[in-house]
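The two complexes that follow have subunit A in common; it is paired with subunit B in the first and with subunit C in the second.
What follows is the complex of A and B.
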């Protein structure tokens, strides 16, 4: 039986199209992976207090910080990035700390599994500071490897916090706008704009189907769940194809001739922010240089 | 070193085994995206570079389809949104864990591998932005494993099974499951290449990554295969005309 957490609202539709629907649902802020965190990120992006900052600035700042964090590969730099990005998102952006942590924890399983695989090694000889005999060889690790593991974890968390600083404060439509300004081909931008909108439409379709299947005992055991999942998914494809045709007609009726144009808010650069950002980058470089 | 374990060591082994078991049975398995910040810069750039020819091919193929039939733009966008939603859905599982489909296998069977490469990179970008799965610097590596390697293998096996006239549904199952497994192997290879083991090199490291992710990825591949078959059966029952429509999108399945 699909547990009740599945019914806890998985996908909060939260962009402007659905202002009236999101406050019916309660957000549970807790640490750990939650299914459907996805649209919650979209919701937080719209609610962020630093949403008014220039999106190009935010994207450039976040990507540069991310790159510095990876290129410099220095635990202190990672730590500085983690702290400052948390400050920007939680204090400046006004996101509740619990919500921030729960987004940060999404990749936790991958990080644990991935770093353990790096930190622990097999060998025929007993080498390293710690080893464990398994009958066919040794499972070993050493202080140096454990250190590498911890540093890698910090680097990954630094990089993730730099990325989610951007995604938690910049709605996807604005990120697409930035990509458009960066001369990504028009076809890709149009597809992205449409896909972004259709995602929420399909999620809505899916939620309705799932609820009606659930109220008819469609998820009562594993076998039925698989069958229901398949039926819902195939039905969703049929509906989405029908909708695609309808939307094209609607677009044509509004004068679509091969160009999709979206209105974008003008959000001017603030020189002070740029100065702070450059200062921050220099600080990271200095930190790296001093502790190299 | 003494090869016999004393009681304390035995207890330690038992505890470690228990932890391993717990992790093995409660996986939060998304379809194994490489996380942001995990790959060194050189590898991020290299994998991105490898993707470029495939992306250009996909871009040109989409552009050609659109020129012939402008109406396909909404269809393609819907296909992308569909793959995204499918990959973000929680799929049924026996252990109560939380896992997701890749969705690109089904995408390749329905829409053809060329279109999936472009849709795949967009979907992966949205997964990074909206779901915090994967990342920006690892986009190249993830695109290669999930939007290029997996779908191409899936499509290849699907066509092969059609040629040698295996039962269609068995073919779909094999295509989706093996495509998923291939994605998982490619990801393990990408990780191993970036972090080779100091005693055994890339090969040993790859074995480690395969082993560590096996408990989450093997059942997932089988479930993905089964679900893809169920979806295809549903489509054949209810959506024959739509399936035929999709044919012109890509020259995919009719």
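What follows is the complex of A and C.
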């Protein structure tokens, strides 16, 4: 995996180009969002120790967990889901805790911003259990409202961590395979496969172009940056058309005749995993029944 | 005379822009030949390869594979039996795992799943990359990607393998690995065509060299014949192989006897020097 770790470092390096470059080394495992997080997630999925689990099982399990988390609408259930999904991803999957939190940070930001509006309100009169005078009006809230906000946050967070468990342990190609088995239209499956492969090629091309523009002072001030961005974008379009042609040629040379079929690895179902999963669902239901 | 495996007769091809890329190419390729295709950029080598594989359809001329003239109906046969390893691995790799990638060709041949799996394992073992089976191509290095693209073609079990500038963009270690694979494939009797700008490589590896210049074949013969012909080299803008220069200088300066056993590698030169020196061995410094 020597090569892959080098690649990972490469992500970090290119990510930080746009940040101020003073803290080059401190950024490495910091919690928080970085550009290009998408490709980091892809890398984590390949490195996950539970990648060998049957992908259909993982997809079904995380979708069912997500549904239960939303339908049961119970803070304890949400908490159980959050904890168990973190356990699966970090302990079973072997993902560093820092990396896991860093991935969660993106949705978390949105959740907090979205739920604050539910918990805290604004009024001209001093109402509510707590209020804060701002000079032109009052920010007010109450215990009940705060509770509602926290419970909602936990519910959404639980649902998201179930999805993230899936994405951090199942490479996209396998998820596409599951969708194919679920009879999603062939055209969409083929497009997904091609787009997924293409993302990385275009990212490479884009990085090369950006670096070469950067080395020629293409980003020296705002106006030049805008111009360079436009040039890079139009060049990307031309290049992708060319690449698409080259691709088609290469596919035809290997006997492509209009049907894009890939060989998929078949990972066996493990009965024990299914039993655990069913047990977990029952536990969630029981938890909901007891505390409702 | 044995029957050629691939017979190309008076092939003309021009791209959409109207510029003719091939102007009457005729060549016979025999089973098990190791052919270097040389010529400057834009001389028509790649176009010729794509025509030979049936991806591009010639304006004029015909191609026969093992005595059968290729038409629309048996085009698939041609693609199955003639594989191309493209110059840029990123233009060839299409799937998102190495296994799916190498299985792409056999899947298109509509082979049963068991057979495809077997061939994928075989091809990956052949290229010594079985460990990469589950890895996505975007986490492989350039040399590793090249191996995957060669495994792609090995898995299809093509009779003729075409390599389009395989050594371009490879480091010396990977280039050596590639040459070892080429030698191994040669020993197994595969017919190979390799386009290259590396004249030293062409000189030591190939049994036959074909020189392209502006859409035509201007020379066809053993590498030695071609590289000794200064006129052709000048016309096609080619360099002479270093070993050929060194040998001729040694002969000219009367340092070795002219035996017509042209060495193509430093190792062969060493053997030659040990056996054919003009002077008694004691008076020569150690090599």
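Going forward, the second predicted complex is superposed on the first by the 250 of 292 C-alpha atoms of A that agree within 3 Å, B and C clash if a C-alpha of one lies under 4 Å from a C-alpha of the other, contacts with A are read in each partner's own complex, and residues count from 1 in each chain.
Assume a residue touches a chain if its C-beta (ideal position, glycine included) is under 8 Å from a C-beta of that chain, and two chains touch if they have at least 3 such contacts.
Worth saying up front: this structure is predicted, and the values here are computed from it rather than measured.
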Overlay on subunit A: subunit C relative to subunit B, clash or fit: fit
Which of subunit B and subunit C A:89 touches, first, second, both or neither: neither
First, second, both or neither for A:74, with subunit B first and subunit C second: neither
Which superposed partner A:63 touches (first subunit B, second subunit C, both, neither): first
Subunit B versus subunit C as contact partner of A:253, first or second or both or neither: second
Contacts of A:169 with subunit B and subunit C, given as first, second, both or neither: neither
Partner chain in contact with A:43 - subunit B first, subunit C second, else both or neither: second
Subunit A residues touched - subunit C or subunit B, whichever exceeds: B
First, second, both or neither for A:243, with subunit B first and subunit C second: both
Subunit B versus subunit C as contact partner of A:261, first or second or both or neither: second
Contacts of A:185 with subunit B and subunit C, given as first, second, both or neither: first
Following superposition on chain A: angle at subunit A, subunit B versus subunit C, Cα, nearest 10°: 100
Subunit C versus subunit B - closest C-alpha approach in the superposed model, Å: 11
Shared contact residues on subunit A - subunit B and subunit C: 3, 42, 172, 194, 196, 201, 243, 247, 251
Complex interface listing, subunit A residues touching subunit B: 2-3, 6, 10, 33, 35-39, 41-42, 63, 66-67, 69-71, 73, 103, 106-114, 116-118, 120-123, 126-127, 131-133, 152, 155-160, 163-164, 167, 172, 175, 185, 187-188, 190-192, 194-196, 198-199, 201-203, 206, 219, 222, 225-227, 229-231, 233-238, 240-245, 247-248, 251, 258
Residues of subunit C defined as touching subunit A within the complex: 50, 53, 55, 76, 79-80, 83-84, 86, 88, 90-97, 99-100, 102-109, 113, 116-117, 120, 134-141, 144, 152-153, 156
Complex contacts: residues of subunit A adjacent to subunit C: 3-4, 7, 42-43, 46, 51, 171-173, 193-194, 196-197, 200-201, 204, 243, 246-247, 249-257, 261-265
Residue ranges of subunit B in contact with subunit A within the complex: 1, 3, 5, 9, 13, 23, 27-30, 32-38, 40-41, 44, 59, 62-63, 66, 70-71, 73-78, 80-82, 84-86, 88-94, 96, 98, 110, 118-119, 122-123, 125-126, 128-133, 135-137, 191, 195, 197-200, 204-205, 207-209, 211-213, 216, 223, 226-227, 229-235, 238-239, 242, 245-246
